[in-house]
Structure formats: structure tokens, C-alpha cells
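Each structure below is given as C-alpha cells.
In what comes next, subunit A is part of two complexes: it sits with subunit B in the first one and with subunit C in the second one.
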Partner chain A sequence: MAKQTDIQISICGSAGDGTIAVGDIFKRAMARAGYRVIAFDHYPAEIRGFGKCISRTRISTNQVYSMKSYSDVLVSLNDLHAIPHVGEVRDYGAIIYDSAPMSAVAEGAHISGHLMPGHLPYALPIRELSELATGANRSRNIVALGFIAGLYQLPQQAFHQAIAAKFETKAPAVADTALAAFDSGFKSGSSTYKFDDVQIDHSRARKNGGEVRMMTGNGAIAHGCLEAGIETFFGYPITPATGIMERLAVEMPRRGGRLVQTEDEIAAISATIGAGYAGARAATATSGPGLALMAEMLGLGVMAEVPAVVFVSQRGGPSTGMPTKTEQSDLNLAVWGGHGDARRIVLAPTNVEGCRRCAARAFEMAEKFQVPVIVLIDLYLSNRYETVFLQGEDNFLPKNWQRVDSGAPGDNYRRYELTADGLSPRCVPGEAGGIYTATGLEHDEYGHPNDSPDVHSLMSEKRHEKLRDAMKYPGINFTKRFGDKGKIDVGLLAWGSTFGEALEAVLLAREEGIRCAAMKVVMMSPLPARPILRFCNDCQQVLVPELNYTGQFANLVSGELGRPVTRVSHATGAPMDINYLLTAIRNAAKQKLRNKTTTSNPTKA
Partner chain B sequence: MPSSTHHVVLGNGIAGNHAADVIRKRDPNSRITIISAGALLFYNRYDLPDVFRGRHQWVDYLVHPPEYYESQNITLRRKTRVVELDPQTQTLSLAHRETLHYDKLLIATGGHAYIPARLLDDVGLMHSFHNFRVAMQVQNAVRKNGTVIMLGGDVMGLDLARTIIATGHRVIVALDNRTFWPHEIAQSERARYLQALESMGLDIWDHGKVDHIEAGNSKGPARQVFFEDGSEIRGDVVMPFFGLVPTVDFLATSGIDMERGILVSPQLQTARDNIWAAGDVCQIWSATSNAYRFYYGYRNVKMMGEVAAYNMTGEQSAFESTVDEALEVTSKGLLHSPFWEYD
Partner chain C sequence: MIPEQPVYLEDKVDEIRQSGRLAYRSTALPTWCPGCGYYSMTEGLVNALTELRIKGEDTVIVSGIGCASRFPFFMDTYGFHTLHGRALPVATGVKVANDKLTVVAVGGDGDGFAIGCGHIPHAARRNVNITYLLFDNGIYGLTKGQVSPTSATGFITPTSPFQNRDAPLNPLLMLLSYGASWVGQAYAGWPHHLTQLIRQALEHPGFSYLHVLSPCVTFDKTDRTYQNLDLAVRELDADHDSSDMAAAMRAAADTNTPTLGLYYAEKRETLGQALDLIAARAAGAQRIKRATTRHRQRKTPA
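Our next item is the complex of A and B:
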């Protein structure tokens, strides 16, 4: 019986080598061919000309949840950059490199001198093939892509289509050149004896119902915004969130929406809240530094109970930090950032499909609960590509607000009426009878400024208690448990992009016989304490993996639940390492065993 | 005492790998680099006929697992071709435009199949059997109960023929003056040896020189061999077995003394400082023969690797073959070559 396909291919080059571009073609071609794809690119902060680029793509026939911790194939378009990554390739995996570089290399500077004994080398005259096929060496990346396709007998037609699509906006000669380069590499790969044990089984590629899309987290958020009927977007570019605005800038005008690039983040959030106040579905997108600037206005949104959606993609910080590296270190800022008790909703999707769903639901929740909603992702999820299978099962709700039912114009409208569920009748400016004072000052039910102790106490309670039902909002799994059921040795409580690695690590640990499970937590504020506590109570040890130094989610959980958890923090700028997590699980399982031994036989120290 | 000596071994066969192993034992801290034109780790080429017995995974032929190289701190550079040697600067120029410095160099690049000039135009229609990849190609090309045509019939070919016949195929040996190479058979003894070949199940084809080879049609055997006398035979593959020639092309400008192979002293040292040679690539001075001569077979080659390694690490040992080089006809009337024996 043929094996399931699950391989990861890494292409490494220098900025300008077309590394990311060719990785993009590869992932799209494989998605066309029916595989599940997860891909993540590493690129330098600098625009062009130097710096390392890596495009990693995992293709599989089964559902997978993250990038693998190792690669099956590494392609070097620049040995200087690729050599440090040779060790990422597993034994009997393949390394493809240029056997005929243009200029002489210093001793030890060619990748062939750095291969591990278990690697299988494919020395290909990449530059020469490019020159022969196209008259220039610019298509080295496409030649290498063709070689991969030929070596592993991937469907040539899917690549031709992906190349044509990639260059459809360019002059026809560009696509023709790329196709010639691809075919040259394909021919070479097809005639090369395959020594490695990388297997791609085409018979098991998915024959889907429904529409298949390749999306990044940013793209999925934009998609979700459009599905939810976003009307206005105000943004100021910042890596890694800019992609959201870029996509919306193309799509929104076609649908009658408006997108404005503001002068800064303060203007963006101010305009978003203004639009929300006026009844529009409005959003902005930023990263940690921008969120810091938005903190004050978010407080206004909370106080004035104005719906607004803020997409935040975290990057390495503090300050300018590492704009092109990932981190999960803005959780505190998202949940607590700002002055006063400014409780808001914070959602943290764990995968690309989740980005789409959370983005769309965020508008609904912002309107229903009359509060800003932050959708918190990170660079890894922003830029990670995944195949998304659109089955049409999501029906996002059109915008809706309660009409004023007093019927009487003037001062009788209690915009902030104290109700059983804390949700007050909301209207938008211009509605008859809907006049009220919207202010950042503390206010009574009519919106009139009032700082009396009773009013502040009641209104504070209202602003918090109205969010209690947010945890029951349909259409999103705010928590979900995977793995072993019942009492377990080790549980991983994970959020955001790290959940994928956590689940992969749990699956590996279960194969080793460790009883373990993973729970994803999508709602960070208000925190769904009950299901989390139930999960924790089932676990001998609870590990909280996250990409920050201080363990922000661990602190949030232990603070709200009063239960100790073990931090598994990882602040390198890279996604969580599955092996790192697996080791932590093993160690936790051993610790549990030691505890059991100690309990059962106290004389053994 | 730590050694910073960089030992470079050209060749990933028995001589080179055994030499590296011995060097590591004698100089634990030195740097050792093996350079190989192939893609694989050191594997047993003597077992390659087993591809006809269904052994189709190259890892099954490995002599050492990947971990061996790491534990021995031996760097193996595969798919790496040396294009030039400069003994003055003690550097090797690699095809990918890297220059590699050595302190001590062992050339153990072995040999490759000799193809008579008259057949060079037909090389594309012949199959060799010198590595795993081409061995698999041969195995794939030979149909069930199919026919292999061996031109010449040196001892490597005859060794392979034993397995091919044992696995249900037919082997036709087109005789040549290099049949039985490197054994030298007196004309008076030739008939006895040919009889032994027939006893082993080989078909003898004694029609003089090959004129040319053609591809067959799609329905029949893939190859047709035409002889100068007008006769022809058909088979699935045609394999040249005319003996070996040393692989020394990259030494053209090195100034190293060569005849057919690299000329070395009994200590396996070339006339150049810090360069030794071992295996099928070298001709060793024999005082007995008063000539430089080749020594073949696994045991000789392995011993050469060992002697070279000792001498590269300070000894002055001389190579002496202990192999009886006679081609035997056994009591059952079958051939046996000492060059078929290996550990």
C-alpha cells in the first residue's frame, strides 16, 4: 500500500534569487494537484539585494497542522545562505545545488563540502541549464523547481498552470521564458536517478469537493472581511500586517467599500471607531508597535461601546524589534493594553482557515457586544500559506443593530441602558429618536457624563458582564481539545500559530505511548476559564508553549485560573520547534512518572 | 598530540575507504576528506550482481552506515569531481570551482571500463555495471528469461554472468582477446577455460570482432550486435567487459609519472611529495618483474589502501601481493578467479 505523502521542501537563496517567487509557484502547483499545503517563507527585513530567503513548503495527503521541524529536500540557490540549513535535512533526504557556479568559491564555501553522510546530493548545473534554456541565468530558481518536479514525477501540467498564473500580468515572454526554464529542469530531473527516499504518491492527492484556495493568514483575514461585508478600512502599513490592507485595497473598491491609508495608526483606529459609531463595518490592521499607539482609542471604543475590529499581527519586539520575525509577545497589550478597565474581545485563530472565520465573526461579535474586537495573529500565521477548502458552510451574518424603540425623539433614548445581559439598544447616528451623547467620559444610561460612584460601578460591571456571553457566540470553537481523552499525563494549552506545532508534538508523543492532549484556546479575552480549567484538571502537567520570553499566556491562564502551569517559552523569532516541544512533553511525562514513584514508595528518593 | 594534517583521499572504493579508516586509527586528530564522484556512501560493488536477486535498495549495499562517518570524523564529499591536481601548491581544483588544499593525498580513483576504439560510436547502446544506478538499469532492461550479451568477457563480467544465469537469464559471451582479463591465458589452455565457461552455463560466441551495434525493434530484444563476419546476435542488453583503464584524466597537467596508470614505488608513493596512489589506478614497481605492474582484486586493493595509509602516517611499508592470481578450473569443471573473492 502506498504511503501517505508528507514532505517538506525548502528552497534557500539570497534576496533577488527569486526564492520566495519559486516557492510560491511550487505551493500553488501542489495545491492545484490536490495536496494539502502549508508553507512559510523566511525573508530579510531589507527590501532587496542581500539577506537570506527561505521558502519552506510542506505538502501532504492528510491533514497536518504546522511546518515540520525538518525538511526532506533542500534546494540551494545560494550556498552561503543554505549551508547553515543543511542540518535541517533528514537522513536520506535530498540536497539539490548548483554544480557549476559562475565564480570560483573559497575552500569550504561550496555546499557539497557540508552535506551530512545521510544526505543524498543532486549536483545540477543550474546556472548552465538556465542559460541554455533562456539565454540568461535569472531563471535558476525555475530550473531548480523543474528539477524537483521531474525528479519526483510531479504533474508537469499543474506547474505550467501555476507558472502561467504567476506571470499572467507580465509580458507573455516572461511566462514563456519561465516555462522554458522549468521544462529544462524537469527534463534533467526526469532523467536523474532518484536515490533519496522522498516519496510523493499522486494517487492519494485529494480529489476535492468544494473550492480549494491557497491563502496566507493575512489573505484569509481579508477574505473573511469581505465575506462579512466590510465597508470601511483604515490602515497604516506595517509588517507583517500590511498584506491585509494590500488585499483589501484591491478588493474593497470593487465591492463598494472604502479603504483609506491614514497618516498613522492613531488616525487609523480613530477613523475605524468613528466608522463603527456611524454604523459601518469597519476595521484596521496593525502590528505591535501600531497597537501600542492605538491603545488610547481602544479605550474610547470600550467606553463608548463602539464596535470596531482591529487585526493585529505580532512580530518580534519590543520597539521596532524584528519586523520580519515572528513572536507572540503582544498578548498582554491586546488583552490589557490601555488605561482603565478596558475589557475587550480578543480572538486568536490558530490556522489560516481560522483567520478567515475569526475575521468574519469579529465583525458580528463587535456589533453584538458593542465593543472593539482584536483578532490577534503573528507573522508566522500572517505569512503562512495553507490550502483552504471552502465548502460554503459558513454563513456570516449581515450587520445588524437594534433599532430605537422608544419612538420618542429627544432625551429618552437610553443608549447605555442597564439590561440583564449588559447589552443596550444601539442605534446609529441619524436615526429618529437616537440622539445620545457618545463620550469617553464615564456616563449614565443616556450617555450623559457622570462620575458618581454608583454609576461608575454599575457601568464598569455592565462593560465587563456583557462580554460573558461572548464565550457562547456560535460559529467559532473558542476552545477545543485534541488527543487523548480523560485523565492524561501531559496537556498542552496552546494559542495562536503555536497550536499547530503543539498538536503535531502531541501526536508524536502519543505515538511514543505518552498519554497527552492539546487544547487550543482561540478566545483570549474574555478567557473561557471553565473548559480550560476542566482540561487542566485532567492533566498531571500542563505545558503552555508560546513564542515569547515571559510566558504571557501562561501568566494569563494561571492568573485567571489560580492554577500553576509550566511555561514552554521560545523567543527566537522563529516558529515553535516541534522537537523542542516533544522534548518538553517527554520530560513532563518522566516527571510525572517520578512523582508517581515517589508517591508510591516514599523511601525511594 | 593533535594533528592538523589534512589527508585527502580521492576515490570512494575499497582502497580509499580502507585507507581512511587506517589513517583515522593512526592519526585520530587529523582531518580526513574522501572525495567521490558518486552520490552514495561507500558500498560493496562486489555485491552489485545481487540486483538480479531482488536486492534493489542501495542502502542494503552500504559498507558503513551514515553514522560511521560522523563517529570517525571523516568528511565525505560526494558528487565532487576533481579536474586538476597541482602538486606544487598541494591543491585540487574541483569541477564546481572550489580549490581544496591537502597535506597528504591518496589517489584511489580506480578504473573504468575500457571500450575499444572501434566501439566508441556505440557506447550509447551499451550498458555498464560499475555502480548501483547502472546496475539497476541493467536489471530493469533485462526481460524475464532474457538475454545479456557480454562483449569481451573479463573476470568482472564473468562474475556477473554467474548471477545472471542463476537468476534464469541467458548470457552470451562474445569472445575477444581480453576475455578472462586480467588473467593471461596461454593459447594452449584457452579451450579448457572456454569449456569451463560453457559448463557454467554461458553461451560462447566466437565470431571475431564486433562491427557495430544497433537498437532492436520495440517487440523483440532491444539490441542487435553485428560482427565483422556478418553474423549477428540479439539480446536485451549489451555490456562491454574488456577490462579496466585507470581513471587519471584529471592528472594530465599534474606532472605525475604515468604509463597506463600512476607509477608508484612499492611504498605506493608517486614521484611527487605527499602523493600516494592505491588500487586499480596505480602501477607498482615490481623488482621481480622489473616493471611497473597492476595488481587487481579486492584483497590486493584493500592491502594497497592499508599500506598507503601507513606510509602517509609515517611508516615506510612496501606492498606485497599475497594473492595467487591464477584463474582456476575447479574439480567440477567451473571457473574460479581469485579476484572474485572478497570479505
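Our next item is the complex of A and C:
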């Protein structure tokens, strides 16, 4: 019986080689063929030039949670860029490269001189095949794709469909050329003797591949917004969040929604708050630099109790930092950013499906709790492709805020009435009887400016305590534990995109006999301290892996729980390295062993 | 004649309310200094809303921060007292969310032309169907009299003790070049004229900008006083053509004698109309796209 398929393929080239494009066709074809797909591209911040592009795709028959730390197959479309990545190919994995490059190659500049003993090379005349099939060398990328498909006997039809879909909007000749290039590569691949041990078994792939959707985190957020019935969106382009606005710009007007590209992020959040005040489901999307500009207006949203949704996709910082690299370093800003005690809701989904769910629930929660909700992801999750199974679409609630019962005359309406749960009945402009003025000034129950000590303390309490019930809001798991149950040696407390790597590392560590578990935390503010503390109390050692230098989540958790945790920070701009995490787990487990030895044999110490 | 007992306004509120003269006014008493030009603007907006029969619940007054921005509290309409400089984008959001509302943005010269200046060209070029009432007293009143972007050169204030050396902005010229579809100027000392201009601004379909000259009676005793403004202002020429941009710009460029009236007005697509058009196009585009897909699928090799 063949093993479960779990293969990662990397395609590496220079900007302009069509690396990302061909990776896109590959993952869509594999999703069509019924595999689960996770894919993440590495690309430079420049549009042209000779920056390095890598398209990595992991395909599997079982559920997986992150990219692998090694690849099974590497395709080189540009040897200079690919040579540093030869080492990421595992032993007995394949490396596919052009045997006859266009020009003479300097010594050491051809990839064949850099292979390691365990690597199995496929030298393919990629340029020549492209020229023979299409009369030009532009289709080298598609030839290489065809070769992979032929070599591993992947379903040709799925690729044909994916190629046709990719070039759907272009002239028919473009798709025809691509198909010819693909077939030429496919023929070459099918007639090549496969001597690596990479197995892709498609008898185990899901048969009903059609219901699968390939989505990025950004796409899933747009999907969630549409499912929740978003009415207005205001945004300003910024990597890596722009994709959300671009998608909504196409889809929202079809559903009667209104989208405006504003002059800056301050205007974007201002208009979002304005629309929220007027009763619309309103959102904006940005990255760290934009969130920094929005901080003041978020404070107004908290003070005036206006619903709004802000999607934030983090990138490397501070300042302009690394716009096309991932990092989880805006947690502090999302949770605490701004002046004054401005508690808001912050949700951080851990995978693409979670992005969709959190995006839609964010609108409901913003309305119910009358507060801005931040949905915090990062570039890795924004741009990562995953297959999403939309089994039984969730029913997201329509507008559900508590309305004013009777038409109380203007000045008697208490917009900020102090109630048991802190939530006050809300009116929106156009409704008679609910006339009030929302303000950023401290105010009494009527909304009238009032800075007396009693009012400030009561209203501060109201704005904080009303969010307590947010932790019980149905429809999202705000925390969830995976792995070993009961008392364990090592526990990983992870958030956001890093949780996938944390869970993969835990699964590997369990195979080595280490008792360990991972907990994902989706709600960052207010922090569900009780389940987190329960988990921590089960662990000898708590590791907090995250993609930043200072350990922002570790600080948040240890501050809230008053319990020390071990930081496993990784701030390189790349996703968490599973091997790095696995080593940290092993070390923590050994540490625990030493502690045990010391305590059980005190005399020997 | 001085009454034996002082008469407090608080005691008279109910009486005045019952007289019906306070429709659109909330029970909150204005926090402005006695004699402030902003009282005539409140009166002007109240009268204009009354004349146009726009209901309080269908009106939203959005303001920023500053003396002028306290405006919404004194009105019995929906109001949103937001952040310093952000009245226009918030008002844009309100209008985009609900086109049926009458949205009025109010603010002062510091709010509009210092911190919020970046938002004005964009509200103007998008032609958001709102009215922007800018109360220009050439000073920061709420922080006690500092220099503002419209203060005259040579003006002495706590933050310009050796005279202001910056040249003042020319808001009317700016708004005309930004593409505002309705630009006018009024003066707090001419309340009836002001009311008529506010009314016209509210009626205009598109972004209407009304610049209102107003004295700060507390912190400016030398420059923009009622006495000085009374002498300086005059009405636009009777033959001024409000569709003539060049004439409007010439009038705006003459800062020595501020002229009052409607400078420029044009009718063009508003943001709301543009968004409706986009929605209509998107609905059509969907059909076209489907047709292309079907066509292409037939050509796909099996």
C-alpha cells in the first residue's frame, strides 16, 4: 500500500521568469485533482529587476497545518537564485534544472556543481523544449511544470483546466502556447525514468475535488466579509493587505456594497467609524504602518461605542521595515495601541478557514459589543494558499444590535445607559426618538460631555466590562488544545499563523515520545486567561513561539497570568522554522528531565 | 435700565422652548463666549433647516475638535463630535452608509486647514454630497489664542510672541482649485445673509463649502474684530457669474476686501451617484464575464 502523500515542491526563479505564475497553476491543478494544498510564495518588494522568487507548494492527502521545513522537489529556473536553496531539498529528493542555459556559465554558477550526494538530479533542456514547442523561450516555466506532471504521473487534465483558467482573460493564443509548452514538458517527464523516491499517490486524493476552494488568507477575509453582508469598505493600499480591498472592489458592488479608496489610513478608519455610527456594516484593511495611523480613531470608536472592523495584516517592522516579509510584531499595537484605556476586541485566526470565520464574526461582535474589532493576521497568512472545504456554509447573523424599544423623545434618550451587561440600546441616524450626539469626550448616560470622577469611573468600567461576554461569543473557538491530554512535559502556546508550525512540531515531538501539546489562542483582547492558565498549569514548561524579537504574545500572557513562560522568538522575516521549534521542544523536555532528577535525588546534587 | 434681579438664561430655557424658537436646538447651553460669531451660525443653520423642513432625525452634524466643533451638542439633531481634523472623512463615511441623511460637517480654521487639511481636497474632488461649514476666526480659541493657518502675518499670539511670520492660507482659492462644486463666503456679522447662504449650500447636490468669517471676541482684540470686519467686507458684485471659475478665483484672490456671497457652483456627479453607477456596472459586468467563461471552456482541450 502506498504511503500517504505529503510532498512539498519549490520552484525558484528570478522576477520575470513566471515563477509565481507557474506555482499558481500547480497549486490550482493539485486542488482540482483533490489534494489538500498549502502554498506560500516568497517574492521581492520590487516589481521588476532580478529579485528572487520562490513558489513553495505542499500537497497532501491528510490535513496538514503549515509548510514543511524541507522540500521534496526543487525546480530551478534561475540557478543563481536556486543554488542557496539546494540545501532545503531532502535526501533522495529531486532537483530539476536547465541542462543547457542560454549563455556560457561561470565556474560554480551552474546548479549541477552544488548538488549534494543524496540529491537526485534531472537535467532537462528546458529552454530548448520551450523554443521547440512555442518558438520562444518565454514558456520555460510551463515546460518545467509539464515535466513535473509527467514525471510524477499527475492528472494531465487538471493541469489543462488550470492553465486554461489562468489565461482565461488573455487572447486565446496565450493559452494555446502555454498548453503546447506544458504538453512538451509532460511528454518529456513521462518518458524519463524516475529514480527519486518522491511518491504522489492519487488514489487517495478526494474524488469530489470540485467542491474544494483554493483561498489565500486575504481571499478568505474578503469571502467572510461578503458572507456577513458587508455594506461599506474604506481602504488605502498597503502590502500585504491590499488584496482584501482589491477583491472586495470587484465583489461588493455586485451585492450593492460601497467601497471607497480614501486618501490615507486616517481617512479610511474615520470613514469606517462614520459608516459604523450611521448603522452600516463597515470595515477597513491595513498593515502595521496604517494601524499606527489609525490608533487615535480607534480610541474614538471605543469611547463613542461605535462598531467597526479593521483587518490588519502584519509585515516586518518597524517603520517601512520589510514590506514583503512576514512578522508578528504588531500585537502590542493591536491590543494596546492608542491613548487612554481603550480596550477593544482583537481576533487572530490561525489558518485560512479561520480568516473567513473571524472576518464574518467580527462584524457581529462589533455590533453586539459596540466596539471596534481588529482581525490580526500576518503576511504569511494573507498570502498563503490553502484548500478550504466549505461544507455547510455558516449562517452569519444579520444586524443584531439591541435597539431602542420606545420612541423616547430626543433629550431623554440615554444612549450610554448603564446596564447590567454594559451594553446600551443603540439608535442610528434616521431613527426618530433616538437623537443623540456621539463624542470622544467623556460623557454621561445621555452622551453629554461630563468629566466628573463618578462618571469617568463608571463609564470606564462599562467600556471594559461589556467585553467580558465577548469571550463567550458562539461560533469561534477562542482557545483550543491539540496533542496530549492531561499533565504534559512541554506545552506550546501559539497564536496566528505560527500555530500551524507549532502544531506540526508538536506532532513530530510526540512521535519521538515527548509528552506535549499545543494550544491555539485566537482571541488576543480581551485575553481568555482562564483556559490559558489551565493549559499552562498542565505543562512543566510553556513555550511561546512567535515571529517577533521581543516576544509580544509572551509578554501579554505572562503579564495577564502572572506566570513565566519561555520565549521562542524568531524574527527573520520568514515563517517559523519547524526544526528550530522541535529543537526547543526537545531542549525543554530534557530540561524537565534534569529538574526531575534533581528533585528526586536531592543528595546527589 | 438694569433689572433689580439678574435674569439667568437657564431659568428662561423652558419659556423660550415653548415659544417654538428653539426647534433644532438641544437643551444644552452653548459653551461659547458671549458675543462669539458662532451663535449666528447656529441660528443660521437652525433657520435654514427650518425653512427646508429637514427633520432633526434625518440630519447628522459631524465635527472635529475646537470651539466651532462643539456645535453638534447644541443642536437637536444626530451629531458626531469626532477627532481633531477628521470631520470630513467621518462625514463621508456617514453619507456613504446612508445617502438619505442630510450631513453637515462643521469645524474651525485650525481643524480644517491645519490638522485636517489633507482631507479637504479629497472630499471636494469626490464631490461628497455634504455641506462643510468652516468657521474661520483665524485663531485657536479652545487652547487660548494661538496662531492658526489663516492668521494674518504679523499677528501676535502666545505661540508667535515676535509676530507670526507665516503667510496665511487662502481657503477660498484652495477650495476652488480642489474642485469643490459649491463655494461661498459669509460673515457672522451678517446673520440673514449667512442663513440664506447656508440654505443654498444645503440645497446644493454635491460638496458645498461655506467659509464663514467670524471674530474671536476673547482672544483677538486687534485683527479680526467685528469693527474691522464690518469695515472690510462687501458683497460680491451683483453681476458676478457663479459659473465662471476665473471670476470666482479673481474675487477669492482679493484678500484685502473679503467679498461675501456665492463664488462658484456647478452640478456634477456626486460620490453617491458614482457608487450607484459602479454598482450598476458591476451587475452588468457579471453577466458579460459569465459569457466569456462559457465561450472559453468550450475551447479547453479535454
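The definition used in the following text is that the second predicted complex is superposed on the first by the 597 of 605 C-alpha atoms of A that agree within 3 Å, B and C clash if a C-alpha of one lies under 4 Å from a C-alpha of the other, contacts with A are read in each partner's own complex, and residues count from 1 in each chain.
FYI, contacts are C-beta pairs under 8 Å (C-beta built on N, C-alpha and C of every residue); 3 or more make two chains touch, one makes a residue touch a chain.
Note that this is a predicted model, so its numbers are computed, not measured.
Undergrad: Pick one for A:A529: touches subunit B only (first), subunit C only (second), both, or neither.
TA: In the superposition, A:A529 contacts neither subunit B nor subunit C.
Undergrad: Going by the contact rule set out at the top, does A:S103 touch subunit B (first), subunit C (second), both, or neither?
TA: In the superposition, A:S103 touches subunit B alone.
Undergrad: Between subunit B (first) and subunit C (second), which, if any, makes contact with A:H160: first, second, both or neither?
TA: So A:H160 only meets subunit C here.
Undergrad: What's your read, subunit B or subunit C touching more residues of subunit A?
TA: C
Undergrad: I'd like to know which partner A:L561 touches here: subunit B for first, subunit C for second, both or neither.
TA: The answer is neither, since A:L561 touches no partner chain.
Undergrad: With both complexes superposed on chain A, which partner does A:M471 reach: first (subunit B), second (subunit C), both or neither?
TA: neither
Undergrad: So, A:L179: does it touch subunit B (first), subunit C (second), both, or neither?
TA: second
Undergrad: Counting contacts the way the document defines them, which residues of subunit A are shared by the two interfaces, the one with subunit B and the one with subunit C?
TA: none
Undergrad: Give the list of subunit B residues in touch with subunit A in this complex.
TA: Touching subunit A from subunit B are residues 39-41, 58-59, 66-70, 75-80, 94-101, 133, 136.
Undergrad: Which residues of subunit A touch subunit C in their complex?
TA: Its residues touching subunit C are 157, 160-161, 164, 168-169, 172, 175, 179, 231-232, 234, 250, 253-254, 256-258, 260, 262-264, 266-268, 270-280, 282, 296-297, 300, 304, 410-411, 429-441, 448-449.
Undergrad: What residues of subunit A sit close enough to touch subunit B in their complex?
TA: Subunit A residues touching subunit B: 91-92, 98-101, 103-107, 109-110, 112-113, 115-118, 120-123, 193, 195.
Undergrad: Could you pull out which subunit C residues touch subunit A in their complex?
TA: 26-28, 55-62, 65, 72-73, 75-83, 86, 89-94, 96-98, 100-101, 118-119, 121-122, 126, 271, 275, 278-279, 281-283, 285-286, 292-293, 296-297, 299-302
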